[in-house]
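Here chain A shows up in two complexes: once beside chain B, once beside chain C.
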Partner chain A sequence: MKKEVFINSVGSVSVQKTFDNSGFLDEVVNYEGTSVKAVDPNYKEYIPPAAARRMAKGIKMSAVSSQNAMIEAGLENVDAIIVGTGLGCLGDSEKFVRDLLDNDEQYLTPTRFIQSSHNTVAGSIALDMGCKGYNFTYVHANISFESSLWDAKLQLANEEAETILVGAVDEVVDHHIKTHQFIDHIKKEPVAMENVLRSGTKGIVFGEGSHFFVLSNQKQESTYSKLVDLGVYNTLPTTEVSETISDFLKRNDLSTKDLDGVILGNNGDVEHDSIYNDLGTSLFKEIPQFVYKHLSRRV
Partner chain B sequence: MNQGVAITGMGMISAIGNNVAENFASLISGKTGVSKIKQIKTVHENEIMVGEVPLTNEDLEKLLGFPSDSHSRTPLLGIMAAKEALKQAGIQDISEYRTGLISGTTVGGMDKSEQYFYDFYENNAHWNHINGLHAGDSTQKIADAIGLSKSFVTTISTACSSAANAIMLGARMIKSGELDRIIVGGSDSLSKFTINGFKTLMILSDTYNTPFDENRKGLNLGEAAAFLVLESDAIVSKENKQVLAYVKGYGNANDAFHQTASSEHGDGAVLAMEKALKVAGISPKEVDYINAHGTATPNNDLSEGRALQRVFKDNVPEFSSTKPFTGHTLAVAAGVEAIYSVLSIQNNVIYPNLNFKTPMSEFNLVPETKLKNKEIHTILSNSFGFGGNCSTLIFTKEA
Partner chain C sequence: MSDLKQELKEKIIEQLNLEDITADEIADNDPLFGDGLGLDSIDALELIVMLDKDYGIKLADPKEGRKIFESIDSMAAYISAHKA
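Here is the complex of A and B:
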């Protein structure tokens, strides 16, 4: 008999003031641009200033969000740490490559290289916590977090672990933004937050952040919800999206009628959003639909 | 409960061979692939030795039928290895079962990202490589090349233990019934980024690497791709498949000691090995051979050696590191060594730890230095990485 899996806490650093769990989006931060940086918490409350000085942004954001998730779950250690990241601490990778090219491979220092290793966030959390358990890092673009979640769910359901810290992190970095504007992955023209979803242009507004959750097979007072199932597909023809979702619901003995709502990934890319618009007017027509990426810009 | 997961196919490309058979031939004839660097222009070319795949990107693109400069080296190597693995497993219709792909990499398309870092701003000639910066792009390209769609495809990056973790996740997913068949392993190419990064850490040897030797000077970087096909017992019995060996145990732990160095007594390594033995349901004395991580850095070999003594006490079985053959192939090391382990089980041989001369002063552990014939049922393979990541896999002849 497989155990049920619960989400017992949340910690979040994003382009909104989400780092304080006492409220949620009570006051929305506006932006206008093609990329948005995270709202910085007071890092000093979480990281000794001497250590913070050369620390990559991804590690700093993750120190805050992971600590907040641990506090809310009432834990000091976990059985496993699993992190997803598309690009790791990209700011350091970019600087290392730039220094390497500009100085003909001379005068380089190790810190930026070390922090460029994709697993540096998971390693650094383990180091701070003294967690010698299972430690994993997934690096598969926009399904890095979903991969982490699947792994965690598997371990908890099979009782290989009881508590797991699962999270995701990515940074906004100049070279990445500019080059991805060339290939229309990121918008070329700045857009104000309230107009992102109806921008009518190609590409997205890119954001950064770090989000951690404690998952457990034990329910407790802080529990937010149960994680029932997930499905991940590397490719899917747009014509098969609706049917795939219906099959996914069916395998859980559900239909759209049983849902109180659906959260969609509309991100303001005119070509991409048609998938969600189609679903919104067909499969999910009868139920409330929520979108969030104009607020968070996490992709 | 301790049933192993069947391995039904293997494919690889490394400095000592473009396929599994060539790799095995080099291993048993003691032929190293470590040499001066040829394909990357670097100011360090006279201070380092590497395990480089002899084929150029152009050679690989021709072999695979791709246009020139269409792929970075990581997916090219990966596609070569993945195709060979599928062929050995006799898989014609990849969509026949719920199939997944899990690849480990550290650099992804960094070779092209660094090459065109400034060119991207000048003209659009190489914009096809912009998206290659994220590691998952290399895995998706491998998935495309083998026709894997609508499936679970993901990428793991836990430094030098990446492929071990890919194999571990694949085995867990099959055991748990999440998927029926998974292609697991990794691909990593050499890049200036990696060469210079390791250079700043001062752990690169200027000569042939010498694992577990008192006078070891550091590691040789290498490049490779290696994939294994894991299949459920249901497929194996339904299709009457030949099983090459089994993934019997796996363990993952974190040293939680330092971002790049291993703890002096190998705490993480001990935990990983103990977990793997427990999952396999075997005792240390049942291990016939250890394929050590053995990078030939002063830190790794001391830490790993002490960890071996803590787990195996006075009865450390025959062990060797194959890094002198291939160099340290980073994310793929555990994939390369998983295939070497299966070959060892199939052929009942232990590979020599080349270049070894002087035992380390800290303990009396001496690796096998000559090719040795021995009946092999059970192999333990270690892989450790930055970020404290420690992984151990156990392979067996019987389920």
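Here is the complex of A and C:
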């Protein structure tokens, strides 16, 4: 008998002021640009200054979000830490490579190299809490967090672990923004928040943030929800998306009529939003739809 | 010499990302490691590279670093005596 899996806590640092876990946002931070930085918490409240000075932005954000998730779950340690990231601590990677070029491969110092690997975040959190359990980082532009969730769900369902800290992190780095603007992954022209979803241009507005969750096979007072099922489809043709979602619901004895709402991944990229827009006017036509790229709002 | 000491303080703050410290807060004879600025072994490597890159001084014996990096005073004295 597989165990059920629950989401017992959340910690979030994002482009909105989400880090204090105070519930729904009291205020909305507006932005306009091609990339958006996270709203910084007071890192000194979470990280000793001596440690913070060597930390990349991704590690700092993750120190805050992971600590908040642990506090909300009432835990001091977990059985495993699993992190998903597309870019890792790219800022320090860029600085390290720039130093290599600028100094003709001489005078290389250890700090930026130490912080430049993708698994720095998972390792730093483990060191901080003294977690000697499973520590893994999934790296993928699109499905790193989904892979982390899968891994955690399988371990918890099979009782290989009881509590797992699962998270995702990525940071905005100037050189990355510039290079990806060349190939239309990131918008070339600044867009105001309220216009992101109807910009009609290629690419996305790139954002940064870190989000951590404690998943467990034990329900508790702080439990948000049960993680019932996951589906990740890497090579799905766009013509089969609707049918695949219906099949996914069916295997859980559900149909769209049973849903109170659906959260879609619209991101304002004219090349990809049509997938979500088509679903919104067909399969999900009768139920409330939510998007989160600018804010979560009903469309 | 006082210009060099001021320069060293500013370089150390920048290189080691000592966000909450200003050059004025570092006394010339403050210990850089341990109870003073609280620098550690990774910082020592950064300082060795700084000596080489910015002042052309290579430390042949890393053990020398213990005396050289004792304080701003000792660093400035060593650099003045050995600058290329």
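One rule holds in what follows: the second predicted complex is superposed on the first by the 294 of 299 C-alpha atoms of A that agree within 3 Å, B and C clash if a C-alpha of one lies under 4 Å from a C-alpha of the other, contacts with A are read in each partner's own complex, and residues count from 1 in each chain.
Here is the rule we go by: a residue touches a chain if its C-beta (ideal position, glycine included) is under 8 Å from a C-beta of that chain, and two chains touch if they have at least 3 such contacts.
Because the structure is predicted, anything quoted here is derived from the model rather than measured.
S.K.: Examine A:272 and indicate which partner it touches, taking first as chain B and second as chain C; both and neither are also allowed.
M.R.: So A:272 meets neither chain B nor chain C here.
S.K.: Regarding the shared-chain residue A:134, is it in contact with chain B (first), chain C (second), both, or neither?
M.R.: In the superposition, A:134 touches chain B alone.
S.K.: Which of the two partners, first being chain B and second being chain C, lies in contact with A:109: first, second, both, or neither?
M.R.: The answer is both, since A:109 touches chain B and chain C.
S.K.: Have a look at where A:96 lands relative to chain B and chain C in the superposition and call it first, second, both or neither.
M.R.: Once the two structures are laid over each other on A, A:96 reaches chain B alone.
S.K.: Using the superposition on chain A described above, determine whether A:37 touches chain B (first), chain C (second), both, or neither.
M.R.: neither
S.K.: Give one of first, second, both or neither to describe whether A:54 is in contact with chain B, with chain C, with both, or with none.
M.R.: A:54 sits against chain C, while chain B stays out of touch.
S.K.: Mind telling me which of the two, chain B or chain C, contacts the most residues of chain A?
M.R.: Chain A has more residues touched by B than by the other partner.
S.K.: Please indicate which partner A:202 is in contact with in the superposed arrangement: first for chain B, second for chain C, both, or neither.
M.R.: A:202 contacts neither chain B nor chain C.
S.K.: Applying the document's definition of touch, where does A:143 land relative to chain B and chain C: first, second, both, or neither?
M.R.: first
S.K.: So chain A touches chain B in one structure and chain C in the other; where do those two contact lists coincide?
M.R.: Touching chain B in the first complex and chain C in the second, residues 106, 108-110, 114 of chain A appear in both lists.
S.K.: Which residues of chain A touch chain B once you look at their complex with the stated criterion?
M.R.: It comes out as residues 81, 86-88, 93, 96-98, 100-101, 104-106, 108-110, 113-114, 116-120, 122-124, 126-127, 129-141, 143-144, 147, 150-151, 154, 157-158, 175-176, 178-180, 182-183, 185, 232-236, 240, 244.
S.K.: Okay, in this complex, where on chain A does chain C touch?
M.R.: Per the stated touch rule, the residues are 49-50, 52-54, 103, 106-111, 114.
S.K.: For a test of understanding, state which residues of chain B touch chain A in their complex under the given definition.
M.R.: Its residues touching chain A are 42-44, 101, 105-106, 108, 110, 113-114, 117-118, 120-121, 124, 127, 130-131, 133-137, 139-140, 143, 148-159, 165, 169, 172-173, 176, 178, 192-193, 196-197, 199-201, 252-260, 267-268, 271, 385-389.
S.K.: Quick one: in the complex, what on chain C touches chain A?
M.R.: Per the stated touch rule, the residues are 16-20, 38, 42, 45-46, 49, 52-53.
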